[in-house]
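One chain, chain A, links the two complexes that follow: it is found with chain B in the first and with chain C in the second.
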Partner chain A sequence: MTTAPTWKRIVLAVAAPVAAVLVAMLLSSVVLLIVGSNPLRAFADMFEHASRLETMVDILNRATPLYISGIAAAVGFRMGLFNIGVEGQYLLAAIVAAHLGAQVALPPVLHIPFILLVAMVVGAAYAGFAGVLKVTRGINEVISTIMLNAIAISGLVAFLVNRWQSGGAVVGGVGRVGTEPIPASGRIPNLNPLVELFTREIRQGKTLTGVLIIAVIVGVVFHLLLNRTRFGFDLRASGINPFAAQVGGVPPKRMVVMAMVISGIFAGLVGMSEIMNLGFFPANPIQGLGFTGIAVALLGRNRAVGAAVAALLFAFLDVSSGVLQFSGAASREIVVIMQGIIILAAVIAYEIARRAREREEAAAAAEAMVGERGEAA
Partner chain B sequence: MAAAIELIGITKRFPGVVANDSVDLVVEEGEIHAICGENGAGKSTLMKILYGMLQPDEGVMKVEGKEVKFASPLDAIAAGIGMVHQHFMLADQLTVLENVILGAEPTRPGGLIDFDSAEEHFRRVAESYGLTVDPNDLVEDLEVGERQRVEIIKVLYRGARILILDEPTAVLVPHEVEELFRNMRELKEQGATILFIDHKLDEVLEIADTITVLRDGRTVATVKPDEVTAHDLAELMVGSDLPTPETTESTVRDEVALEVTDLTVTDEDGTRALVHSVSFDVHKGEVLGIAGVEGNGQAELIDALIGVTPPASGRIVLDGTDITRLSVRQRRELGLGYIPQDRHREGLLLPSPIWENAALGHQTRRPFAKGIWIDRVGARARTEEIIAEFDVRTPGVDTPAHALSGGNQQKLIVGREMVAEPVVLIAGHPTRGIDVGAQAAVWDDIREARRAGMATLLVSADLDELIGLSDRIMVMLRGRLVATLDPATVTPRELGAYMTGANTEEGAA
Partner chain C sequence: MRPAEPLSTDRARRRFQDLPAYIRWPLYAAAAIFVLTVVQGLDGTDRLTSATTAQSMLRWAVPILLAGLGGLYSERSGVVNIGLEGMMVMGTWMGAWGALKFGPWWGLLAAIIGGALGGLLHALATVTFGVDHIISGVAINILAPGMTRFLSSIVEIPGWSITQSPRIPGVGSATVPVLAGGTIGSWTSPDLLGWLGSRDWFLISDMADILKGLLTRASWVTIAALILVPFSAWLLWRTRFGLRVRICGEYPAAGEAQGINVYKYKYIAVIISGALAGLGGAFIAGPELSGIYLEGQTQGRGFVGLAALIFGNWKPGGVLGASLLFGYPFGIGLRDLDGSASHSLILVSAIGLALVAISAFRRGRKVDAGLAVGLGALSVLWYLLSESVESVWINIFPYVIVLLVLVFFAQRLRVPAADGQIYRRGEA
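After this line comes the complex of A and B, so read on.
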């Protein structure tokens, strides 16, 4: 009896993001036509490029930190908190983890967890600070995390990079400066051998990051934590209705701090793919992952699977921007425009789907009432 | 001369409730007209209809003789009606003048705000009605009474001739009330018509020219203040018909379930006592009713009992355990049940499925939890039981709570608290705003649990409910418990008089 509504719910849930992507493609085509490019050729180039094994590796490498960052943001969103500080949290966590990881000599089974643990602790502490400020001083987390980003990025990280700089290494034929290299025992091996069991050899010197496995674990932990544990129930309840949660026995202040701490734990892992790939924290690290993570969480509706799809989509677009430039089909900036349009279209599509779902549910509930009355009469 | 406002047969239905049932009202031009009634009598709905915030399902509205239909407050303002809300809608960081012109700024060519002509207009309005406020003061520096005056000027500035004041005295201290009444008389002399909501009877008798009483969504009487006493008004408000629930055999046991000693709760600044040294106990199997006009400390008392606000002083003992310093969760685990007075604000996770709502407040215990995990199977099974036993009409346990009607939402909340078999149940207005069938079901549930030994603290504004369910009734007035009454002998009229302060225990004795 309940199968029909469930089926409809799934269709509605999938239809919205698909519609958003289609609308975004349509609108991007219009933009491409206006600037004099051929949209069909541009899209064909993008998809053709993405079908290559090496490009897929690039996409997964890019999606890995984006996904972890999206999950970090999603933890906050589910609690009704806006952690904009993932950016600062991951950069600070990554440099401290890279530096300390290079100072110790441990077997791989301990060395890798040690580095991950340091990153999680630093991320948690830095994010938790914003949570403590919120519950003790009433400072909005949006303001405090923006401030803490500035302090972390232009202050702490810039200072530490300078202080801990010790040569770096030549990576991909380019000499890069950074912190002292982490010994091999502390680096998560790449997944090339694993992939190559199923496919041909990965060429062009590309490697698939082993942190991908961490990202999968993060997704599973996030899903179980939120949907299956008492703690997750408390967190979601607080996000939906803090007053009801409070009289239901959920301590509001502790939940704010805990949500920020957990968000920070995940944020701390965002920078791992870069330091594991390079073996050190570079003087010019990849930035912006924290902000894009917010978009990933939004597009993925703060769900584990949704964020994975969103991270892959964003990674695909990022990687495609290069090929567009290279093939001359269109300017690479079209990708940024597409990302923006997808977000806007997704917000609108989700709202339409939500209304459709609520109408459906209200009708079913009304039917249940009338039905019972009919039986009683 | 046509009446300022004439309402004929105004009816407004909400799912499961008729808020206004064929209401007739005539407000003459230039009079101060009071609308009285218990909470839930339909006063607010009627005012919202008059101000265009709600549209009536049936009936005719006439303003100054012309039939009108308001699609939004903008139409009401255009017709010369202005409303001063109970909760002020002012921007603290702006000046009085800026607040008044907000949304109706006079502009100079080029789009700049013409502050000079605005101030001139402001002074003209303020002076002609005798309302003194400095237009250049920041609103955040003003007293509550002054803020209210700003709200009134704001309405007059937009050309209102008919003012609706929603419980204007609720937020004022006595001398501010006097000042307000002076202003109201001045406004009347200048030709304004004032319609105001109040349930403090002495105030109504002092200021109003005409009083209309609403009960259960109907107009029951329109009277002149010199024709009636506070007692008469109280009786009109609550109705003299005795409650339907039969007085059942007493189930009160000797054991005390909840003992409250000298409990004092202050406001956030710690300056004003909202609950003043309150002491009482509730025995097992007993329903203790707390009567009182809303805003006399009942909400604060409840918050202190369930543990949301820490009391300034005093002691709360639940079934032999001192819970004064315990958290909400610890109290709940010790057997404190709670039916919140506002189910949407405190009772439900509206977008969440029903089974999650059934778990709320009990998520640390079986069958909702197993260790650190939520037991989805156990929780669903328990929810199915609640749905069956408490007659919650829903397509299933996965339906979100917002899809249910108000009565079914309430039955769900009552059910989830009852199946946990609490030692003490705190019930705040447990049947407010739900239909008669659901109301009777909730009453039955409470009575049944009472037989089983549950102690209940029933806070309600529904006098029938209080008299019908309680074993004892205490009256709360200005944060104090001022009287203890026997529901077997007290009449709603007497109770109403105690609630409004028109009667005191000493006076009655």
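After this line comes the complex of A and C, so read on.
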């Protein structure tokens, strides 16, 4: 038959990202050698640092929003839609959710879902707007989401941060300014007790975010939605061949809006780990998660498991690079270059792998055809 | 069926559309200034058409213009360049580094090289490896700030921290003689426009003020950027090179059939694209706008440049017009501490929306007309109910305009036919 053996496909699928990481390590080693640092020592320091429990907690905390953001981008990518606007969607969703969450008094079983729901609705609405613009006005979603990002970040969020600013709160001994604090009933508890059942005590005041559970749920929902539902099939079909899908009875306009809305629902949850950790939306929130999420989705090939690996890799690089500052092995900024190279090398490697697969399939098909003709003659 | 229009207005409109661009655009500009003059008369301010406003408008417009022109070359060759932002970031750092290390002119060259390298990377990914243009652009936008951050951490220039550089020297500026009172040798020429501007003649004085602002102490980079507009039009539409670049963006297979090396022209165009974005970055970091390199200082101007390209319908003159339009609210917002001039801008937007509504109605597009009337009414309401406008709203003005333009005119824009498509040699 025309499909290559399974093991061969798996090798091709895994080889590309591994090659990308190796290329990135190689190129950044060259950079480090040029500036006179020892790359082996730098990498050894990073791995040694990452083997500590506290660092692992940090990595998981960092990976959580990255993963959700990656899934949000992946929903669109699977359909050939580029939701570049996760950045604006999650910041807007987070500030509205934090503010409204602080206004209500509810028991925890309702309070936490209420905050999550608000975030999902805001994210979905803002992303859905780009979808509506695309289907009713023919505006490319890349352009509209870039514009909506700027409008959300420099306009709406900047305005709301000022408007909803309250005295702030003391977190970890440092006073920070932001929206009114969310009552304890609205905050997802950290997972330290759960982790400490299996390991030693987590020291240095580190806490493992409870939003990690939400990230896992997001991954499972994403996987089931795409692979086990009619909608997921339609979505993937539209991504592979929109015309064929349309002929097969998939309404293209509705699919675009639906895909954007679902992407926005996930995007709304990206900011949860920050507001659940702090208990409010800070005046200077963590930014860039939306763009790194795109990288996570690309590296993880828009799959639930792939994105998890990618998010952990990016989080590992972010967090464990901190040790370089103290050990003096190299400049910690080298990891930002590594991330950039990984993502660029990965997309190129995937493209090459895809072509290799196509060539192989074409060759196999040609062979089969020759064989059939031979039999006929 | 479209309602039949009176023949005379139809003919008049067609005659206006037939005028060459260099006459039509100044007429548009004059009409815009007329509206601004009327509005500021109503509001009792003179900031909307003052020389300083015009000056800051131009300063904000130049990086947008350079990024937009960069996008023009790239997209005319069929490569969408979301990576302009990253190439601009490279330009800010390289420009600052070159200027501090070797001098201001070398800084510009370094910025151009830095941006061009980003363009080369984009061309390598999209043209040679056939990676999706948006994906490659996003990757470059992630890579570039990482590069600059790393470079900042290893650079050995005193006073250069991880996020910012010491003060950067600039290439200087020039004032046009006779018209704006520039000097020729040691002779101070008369200031014709300044004299007109101080006359208080309706409209004429306002136009003179704006022109004087544009011609006074213009940086050499500004002058170069403005010259690049007609130059790009000539290069892309009047030379063999330009024809070849454009065929890559319209119908690359036809180009290939003619024996044109499509890959080569795409490479050249995307590298030029990066170089221009890099120059725009040097302008942002340089004393023209900031005077120091500061991390994150491009503030999405590469994206605004892309928006200017779309607004300008993939034409150099259009990109210039869009850049000035986007630069204008920034130019106003800069000095508008009490938010009163920004307040007048809402009324200007309402007038613009009213014009859109009329035009849409006459074309028989009732939905568009209704939408424009609704948005215009909201603007008027906002204008009447408020005294001033917070600066955050002025900061997002360009983005809102782009969305509105796309909402009303997306159907009438003409994208290069093969823009964004992955082209593989020999597969057509």
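By our rule, the second predicted complex is superposed on the first by the 353 of 377 C-alpha atoms of A that agree within 3 Å, B and C clash if a C-alpha of one lies under 4 Å from a C-alpha of the other, contacts with A are read in each partner's own complex, and residues count from 1 in each chain.
Simple rule for what comes next: contacts are C-beta pairs under 8 Å (C-beta built on N, C-alpha and C of every residue); 3 or more make two chains touch, one makes a residue touch a chain.
Not measured: the values here are computed from a predicted model.
By the touch criterion defined above, A:A364 reaches chain B but does not reach chain C.
By the touch criterion defined above, A:D318 lies against neither chain B nor chain C after alignment on the C-alpha atoms of chain A. Between chain B and chain C, more residues of chain A are touched by C. Within the superposed three-chain model, A:E141 lies out of touch with both chain B and chain C [touch as defined at top]. After overlaying the two complexes on the shared chain, residue contacts for A:V336 are found with chain C alone; chain B is out of touch. In the overlay built on the shared chain, the residue A:D45 is in contact with neither chain B nor chain C. In the superposition on chain A, A:D58 makes contact with neither chain B nor chain C. In the superposed model, A:T229 lies in contact with chain B only, and not with chain C. In the superposition on chain A, contact is made by A:A245 with chain B only, not with chain C.
Chain A has no residue lying at the interface with chain B in one structure and with chain C in the other. The part of chain C that touches chain A in the complex is made up of residues 82, 121, 125, 129-132, 134-136, 138-147, 149-150, 152-154, 162, 299-300, 303-304, 306-307, 310, 390, 392-393, 395-396, 399-400, 402-403, 406-407, 410-411. Residues 306, 308, 327-329, 331-333, 338, 340, 345-352, 356, 359-361, 363-364, 369, 372-374, 376, 393-396, 398-400, 402-405, 408 of chain B are the ones that touch chain A when the two sit in their complex. The touching residues of chain A, when paired with chain B in their complex, are 2, 5-6, 227-234, 236-237, 240-241, 243-251, 358, 361-362, 364-365, 367-369, 372. Residue ranges of chain A in contact with chain C, taken from their complex: 31, 35, 82, 84, 133, 137-139, 142-144, 146-151, 154-155, 158-159, 162, 291-292, 294-295, 298, 331-334, 336-337, 339-341, 343-344, 347-348, 351-352, 355.
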